[in-house]
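Down below is the structure, laid out as structure tokens.
The letters A, B, C and D name the chains in turn, as written, and every chain counts its residues from 1.
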Amino acid sequence: VLTVRETKIFSKKIELRNPILIVGLPGIGNIGSLVVQYLIQQLGAKEFATLYSPHLPYFVVALDDGGFRLVSDRFYYYKNKDKNGSDLVLLIGDYQPATSEGQYDVNDQIVKFFKSIGGKVVYTIGGYASGDNKYVANPRVFGVSADKKLRKELEKHNVIFGAMPNLSIIGAAGLVVAFAKMHGLPAACLMGETGMLDVDANASKKVLEVLSKILKIDIDLKDITKLQTETEKLVKELQEAAADTASKQASNPNYIK
Amino acid sequence: VLTVRETKIFSKKIELRNPILIVGLPGIGNIGSLVVQYLIQQLGAKEFATLYSPHLPYFVVALDDGGFRLVSDRFYYYKNKDKNGSDLVLLIGDYQPATSEGQYDVNDQIVKFFKSIGGKVVYTIGGYASGDNKYVANPRVFGVSADKKLRKELEKHNVIFGAMPNLSIIGAAGLVVAFAKMHGLPAACLMGETGMLDVDANASKKVLEVLSKILKIDIDLKDITKLQTETEKLVKELQEAAADTASKQASNPNYIK
Amino acid sequence: VLTVRETKIFSKKIELRNPILIVGLPGIGNIGSLVVQYLIQQLGAKEFATLYSPHLPYFVVALDDGGFRLVSDRFYYYKNKDKNGSDLVLLIGDYQPATSEGQYDVNDQIVKFFKSIGGKVVYTIGGYASGDNKYVANPRVFGVSADKKLRKELEKHNVIFGAMPNLSIIGAAGLVVAFAKMHGLPAACLMGETGMLDVDANASKKVLEVLSKILKIDIDLKDITKLQTETEKLVKELQEAAADTASKQASNPNYIK
Amino acid sequence: VLTVRETKIFSKKIELRNPILIVGLPGIGNIGSLVVQYLIQQLGAKEFATLYSPHLPYFVVALDDGGFRLVSDRFYYYKNKDKNGSDLVLLIGDYQPATSEGQYDVNDQIVKFFKSIGGKVVYTIGGYASGDNKYVANPRVFGVSADKKLRKELEKHNVIFGAMPNLSIIGAAGLVVAFAKMHGLPAACLMGETGMLDVDANASKKVLEVLSKILKIDIDLKDITKLQTETEKLVKELQEAAADTASKQASNPNYIK
């Protein structure tokens, strides 16, 4: 029987070759979500594991077939067609935990799970808000990594390191990289520059270009705008539901004390 | 000795025949509370178990006999007069936990307890706020369920599925259904459409009509308006007490830091 | 070695005869604090145990000798001079926990500790805010108790029961009575009626009159106004320190994230 | 493998002679941070241990070499050149925990760790805000200690005790002293008087003068203004990052629910 009073990952058995993890959880500009969602669609990746946690919001999300999904993180895999290439593990999710304790717990479990299935390298995808809240026509990709070799390789593909000292990288984008390091896994955080706050396809495209090169996997980028439109719709719906819920709770002290 | 440093359910021993759980905890339009409270009154259901939890608010509620009740969830049973019918377990409560950890803990215990007494099917009752904050003259009943068979049966009674994708169903209404699924129990959430925020008897009536049919139990609906009046009074008192307490705490930083 | 990563009570060994616990923790009108502080002074009660808890605020309070006190609850005892009378255990403290989990933990430990030293009866002292925020010239004393015998005895001394159904009694005033009941101890909450929010000596006096009668202990009430002045000063200082700290934290996001 | 689901201190093996701990974590006027940072620079102290905790904010801080640092507290040591003198352990950090449970846990571990390496005396450095929010030309140094001998010694160097009864000393500055006392270690909190809220070099200087005397270590104070400028820059960057993050979270309910 499955129960979820602790953070748990339920996984199908699966054999992967030198897997690389790419984490795209909700964040600034929703760049991580958009990038990894796009990879899943373009590569036809398959879901194989789900993370449930009492640190995630206490929501169920209704699905269009009349079913539902408990708020969760979901792992997909992609088997590389090139026999010398690495397989991919792609991680998306609905929300991130709201407390430090929850963030440490969930992100630690993500790294441990990835290591347990033979994981080799970790990339987290995030956004770097340039601060002026305007559209960035030609976004740069910033990076952070404790691994010098990885840094050098990424710099070849124009990822910029060291330009934002004292920047705080919050949530999974930062913690998964830090915990991967503790587990001896090379890891980097890639951040697309964005001036927008909702769903930035332009910045996502730049990050996808970098990923395409370092993963040596062809990714057709022409559908990214379509996905952006869909993602914006979903983000708006989730935001409205959340705002709606919040206002209902606020106006009804009897509901949840 | 009873102690409550963890969530615990204290129960009398009881034999039930294929029990069906109906959960009516505080929520949107107080439809769950009103529906299940009404079932308890009309069917003369008897209290047999109490859930206490450190995740519920740290309140005691004064009773009119001079006694009190620690904030809790309370289970009632109803023995079906039809020998082939299922017995009912009816769950009401004062509040819901305010944290994710609390919600996961309490709702997991509800499902496990129900399973331990031979539980077969679960319904949670909630409200679906149509958003315009107006009285809904002819409310619909929306549903969510991962069980196709249950969905089909409920659709026969005009419950609408799949019409609200991405809707977030928060608290017990959503989590109990999700956890029931993990425990292999068929489960559905039924939501009465409401434009009001306090106590919606009209939407509650529609949900009761659906329950009457699927449970094959006659429920006389003529007293629902009377109960609405009482419930509105109770809700107002609890709200005032909560608001009062909140303002007192706010104005007195010495009270609780 | 003493450590405080869990709630703990450090106590001297002490022999008490049928002790009665009187709980006066910070709350509405600071009536509990004032009443029990006054009893301690008038009876010359001696401190014998201290409760520390990670659920209490992370403060140290400076003392006028240059030392300090970790925020705590403190137990005093008074040996009844009447050989047939009961000894008293008097509980005061600086703050109450801010979370449900903390409240349940601390109040459960208070009751268990009192039971472990042979405790027989429990009274918690609180305030009942009449709501108009005005001085109440002739305050009443309201009560809540699950023990019929105790209720009858208290009613003889004009304590009013059952007049405030659905009133929420928050924190120690309510929980200690509820947990005492679970441990089989007769318990009542006594609330002085108050229209003021800071330190209400008038309401405290009325509660002391009731206590004097039910405990059959003479308490000279003439110094209560003096204590009120001192208590108001202390409350103001603690409030200013707390407000000061809060504003400093707010204005300095680097201090505590 | 290092993992951080609990507060942990990772330390190199090191031999210290009667070490004295000086704690300078973020706080009022950043006096603690500035004082201990300055000691580290002037004495050329070496980092030897790191504290990680799920109670610290879920951030990674980017470094100027392209790497990063998980939010942490960091211990440095200084070997006293005087053979009869005590070695120093100097503690700085990025943030303090935001909850009572986190504060109690982290500060308890700091004291236990220091005791485990043979620690003898503890000083925590903080600020005392005089409240008028103006520059204090001639700041005093206030102290709090439960150790009479230590108090006397500090009073010789013009540290003022007992002048601020009922002052609340929050966070590490207070708790480390309280927990040290529980572990039998002499401990004092030294607070530089400050009217500024950001980085007060003037008050820090006065505290350094006291430390110089009681530790009998020469500290050249001429570079303190330079460090102040650097520290102000860092504080501003961390504040902006935090405020930035906060506003992004606020404007994007989908990011973290």
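We adopt the following convention: a residue touches a chain if its C-beta (ideal position, glycine included) is under 8 Å from a C-beta of that chain, and two chains touch if they have at least 3 such contacts.
Please read all numbers here as calculations on a predicted model, not as lab measurements.
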| item | value |
| --- | --- |
| Label of the chain whose CA centroid is most distant from the centroid of chain A | C |
| Interface residue identity across copies chain A, chain B - same or different by half | different |
| Intercentroid distance (Cα basis), chain C paired with chain A, Å | 50 |
| Separation of mean Cα positions, chain C and chain B [Å, integer] | 35 |
| Chain A: positions in contact with at least two other chains | 57, 59, 97-98, 238, 242 |
| Residues of chain A defined as touching chain B within the complex | 1-5, 54-68, 70, 97-98, 102, 234, 237-238, 241-242, 244-245, 248, 251-257 |
| Chain B to chain A touching residues, read off their complex | 26-28, 30, 56-57, 59, 95-98, 100-101, 103-105, 107-108, 112, 129, 131, 143-146, 151, 161-162, 164-171, 174-175, 177-179, 182-184, 189, 197-198, 235, 238-239, 242-243, 246 |
